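Across the two complexes that follow, chain A remains constant while its partner is chain B and subsequently chain C.
After this line comes the complex of A and B, so read on.
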């Protein structure tokens, strides 16, 4: 018999001895082990579920509160401030200059937030450094013209009822990727109830598959 | 596959008799596409040049010496039979590169690439480059980067995209104007617009009104000598690089000089004489 065969034989014999000897004594230890396992699983699971999102995202307050509902009421629709430029690109968040159609460096209302806007930005001629909730990663090309003009979609389909908000919620940034939380969505499991709950690639692809019959080639949405 | 009867097939024809080798195409390409550069660019194994100008010679001694310059972007191969199985696309394990059947352009998605470099090994044209370092620009120059092209990080492969972002912008304009048509001058690559000699012509090979279609006259039938080769030019001055491989590049080259045309492929003794007068399929001149 070779050395290796000897070793395996001894090894396996040792193993069977231990098992046979251990079984009757370990009943109570096994019960405790199961309880310990369940407890440890619950602690890990709950901390992962409840604490992880808190750890993952850092919160930033906007420079000042913005009342979308009031502005929509005054101007009538989204397009008054967020419009397509003549070259087909999207204007995004308006510059301070376009606010001057109505605003001056004297506040029109009585809110503290408007006073900040008038004093810090209009009077000093500066742009407001807004955090953009819907900002996509750098590698993404998104054409508003394709979706608004060609596909006839409404703003609410992707952006949700932001026009009804009366204050600005904090911007949450993923500490690992630097992306806005709105990309993955509020639900850490990625479960969505509304079309606007998340804005990640799978959401784009699912809608494209449904509406156009094809997810599109990489370069359709990447740059 | 998107079933689109109006699919484009963007291509390029480069007139090697007009090219002076000035390098404007390379410079404009690097500026347009946020390509980083190093202080010492003499090590060509390390440098990133989506558009690279090669110097070629007829190998004869004075007074018969002739030199030409050959700019080489990504060839945007259609693969055998033009079915979209480009050499790089078929080997990519991450699907970081795909063939756009709507444009004929081979993509490269930097965020998806994990840098295995199979595509670089597969590409017969050395058109793909690996980022050995994170990009660094001289201080202040990062403010001049184009927002339409995402910069790449260390560890991914990049290549010429036929300035796809310009196509995206042209499409946005078309959507705004509520038309499907993209005019020839609405989408031109940076190298095309920068070439002072006008040696580069870019357009849609599927559109007979485009200049490139009129110059190249792509053969609608496969080459009878090799059925993997399609879109062969019916212009006797026009050739492609390594055409007989069946990679079906969408970059064509043009020259009056026979020795340059012969340099487009490797020929055994006597082979060139057999193929040199075969332009497209004989039955459809």
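After this line comes the complex of A and C, so read on.
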């Protein structure tokens, strides 16, 4: 019988014998393997949870800080600036012109941010290039009128208590998709505690399911 | 301690396990799928300011008001216009796809002139001056009547400008394509005298007896008909559909009465006989009958006895009688003529006989009835300035009364009867029965000028193409027609600048007239078409420009009208289907396919069922009984006296045995990868048959057979 045949015939038996022998060299190798395993596991696990989100999103500061709480206090509600137009479209980010109902190119207060607004945008007649936290892809049709007027929803359901914020947090942009972090949500697993924690299609579908008994059809939003 | 293979294995496994229970995998999978949607070469329509423009759709005779949604200056969507008197917010699939026509691959982008069989671009100035020189020579030769003109209709200012040009030039040879409106006007003229047309108050009628009209398949003003049909149930209004196949209309009707193809006129005559015999006609309205009601009565009793008509039509005598009586006893009955969409080859005898049923019930010029309306006369054209050449030419005999006759005359004559031909918004080389005869005639005519937006069959057969702007790029008045009860004129307005080097047909004609000089230029003193239109409609321009439409008749006509039975009392012959084969081929009108001009949009073609067209093969409907020995879906050769074609069979128990139905509007052969080369043009398989009474083609079918392919 040749050596190969011999190995083939008794292959498993020989292997068992070799492993079961309790060779101290092998113990060391195995132990090192486990250590490497644990080390690699911990590095990757922690990177996945802690480093990955930091790498995935780039941060942009807004052109200047905006105090929502102050404006709500002054105007009384969200609708003074974010209103439905007569044709059913939504004003969304107000144009500089609508700010001029109250503001002039002379700041009303003393903050540096208002001074930037007055000098850079009001005086020069430019629109403020805000980063929009809730911006959805172009392929999505969304009607604020249908949700606010017809369904009677509150702004807070989707946008959260933004009206209470006193400063603008940095806008975080997904380096891969180009969309705002608010769409997927702060939680990297996409787990949400509040209705406004994420704004993905699944969130729309879940709410539609709950409120209307149906997730909705593709063409309702993807026209 | 030695780092060996196991250490690396441990490292690798640890890394995989660590990543696997971190969010990296799930998140990157989601993100990368979104990343693929945002590759820079994926087109994203630019954002901009939203606005809406109002206009009127001219894709069919429906006269629907539309609003066009625009982002900045780019039209992106067409919707029905609310409160418009015709469609009140509704729109059909062709209307909403209208924007595709702006960028249609077969659009003519610049004036073209054929040189040695190939089209070459030419400037507008050169095209107009070349044409003016040619026309000048015709007049120098004292033969202005050798200029002929074909337009889609004779209504509206654009058709009016062509008529005005022909009058100033000195030619009587202006013919129009056969449309539902032209058939209705001819019917009204035959029974009530010239200057009339018919409109049907289908929104209020409580009994609609349709002699094959595709009531919800494109007949009349489609959206208005959809709305009338949708409200039928609420109003408890009945619809009886008489045609050889279970069409969509028949399926939606209260009753479908299958009838042998081409025998509708006989049925209507027999029903008239029943109404007269049973004394079910309106005695008050009858006082306006002239031209021999008694003679007509005697003729129908003698020539259309019930049993004989039952045999001809395939409907039992009892059924005919029951239907006629139900119709006559309804409070607001309306009988509507016109098979399918009601355009193309139809029969005046059939239209007249069906309308006579309306006349006998007396439900004329009443709510829920048929209106005998004056033809729109809102256009104030000045008299054309004519010189001696024009007057002499104009006094000469017309070469032909119809497009079909013109084609025949040109083909039969050894001498060139037409030197130059204008064709506007018509495609006779595709829509006429035996359209290749039109192609042959166009080849024989020395110079054909097509005023067309698209390189269709007729444009391809021309010698020069003057590209006209589409309805989204120009002004035009659009009078309501096609059996609408209301008399409205809509205004088509440009919602976008011309995408290509095109002009409004009115502007092209005004420029041509000015280039011709002399009395022709004097007849066209307007600077451009917009000014011309304002001058032509002084009474309604204010309303047109403000509201986008104007009512020409403030109220529906009322009162008795005189009805002349002379035409029918002479019992004009019913057209017999040509050929000796056993089966009958009939064209089917499908709402999703346009059978006239323009051809269907790519969007519309995509909505056509797989049972009509699959890949490039057309299906014909046939009853399984008739198709014994053949396979459902199998290929066969369909042969008629006019030609043959390879088609696939679609077994359908909803079509009468012995009848084959083929959808019209397919089988185009111009260059358009979305619309052309699909199926067969049914008109290539049907030979024209001229009806003696009207002088028009009345062949709405032909004898056929099928054999193994």
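Note that the second predicted complex is superposed on the first by the 197 of 223 C-alpha atoms of A that agree within 3 Å, B and C clash if a C-alpha of one lies under 4 Å from a C-alpha of the other, contacts with A are read in each partner's own complex, and residues count from 1 in each chain.
What we mean here is this: a contact is a pair of C-beta atoms (placed from the backbone, for glycine too) under 8 Å apart; a residue touches a chain by one contact, two chains touch by 3 or more.
A quick note: this is a predicted structure, and the numbers were derived from the prediction, not measured.
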Chain C versus chain B on the shared chain A, clash or fit after superposition: clash
Partner chain(s) touched by A:166 [first = chain B, second = chain C, both, neither]: neither
Contacts of A:138 with chain B and chain C, given as first, second, both or neither: both
Contacts of A:41 with chain B and chain C, given as first, second, both or neither: second
Partner chain(s) touched by A:70 [first = chain B, second = chain C, both, neither]: neither
Touching partner for A:84 - first (chain B), second (chain C), both, neither: first
Which superposed partner A:150 touches (first chain B, second chain C, both, neither): first
Partner chain in contact with A:123 - chain B first, chain C second, else both or neither: neither
Chain touching more of chain A, residue-wise (chain B, chain C): C
When the two complexes are fitted on chain A, the stretch of chain C hitting chain B, from 98-106, 152-160 or 458-466: 98-106
Shared chain A surface residues [contacts with chain B and with chain C]: 87, 89, 137-139
Contact footprint of chain A on chain B as seen in their complex: 1-2, 95, 97-103, 105, 107, 109-112, 148-151, 161, 164-165, 168-169, 171-178
Interface residues, chain A side, partner chain B - complex: 84, 86-89, 137-139, 141, 143, 145-146, 149-150, 212, 214, 216-220, 222-223
Residue numbers on chain A that touch chain C, as the complex places them: 28-30, 32-49, 52-53, 56, 87, 89, 137-139, 174, 176-179, 184, 188-190
Interface residues, chain C side, partner chain A - complex: 1-4, 6-19, 21-24, 26-28, 30-32, 34-35, 37-38, 44-45, 47, 50, 52
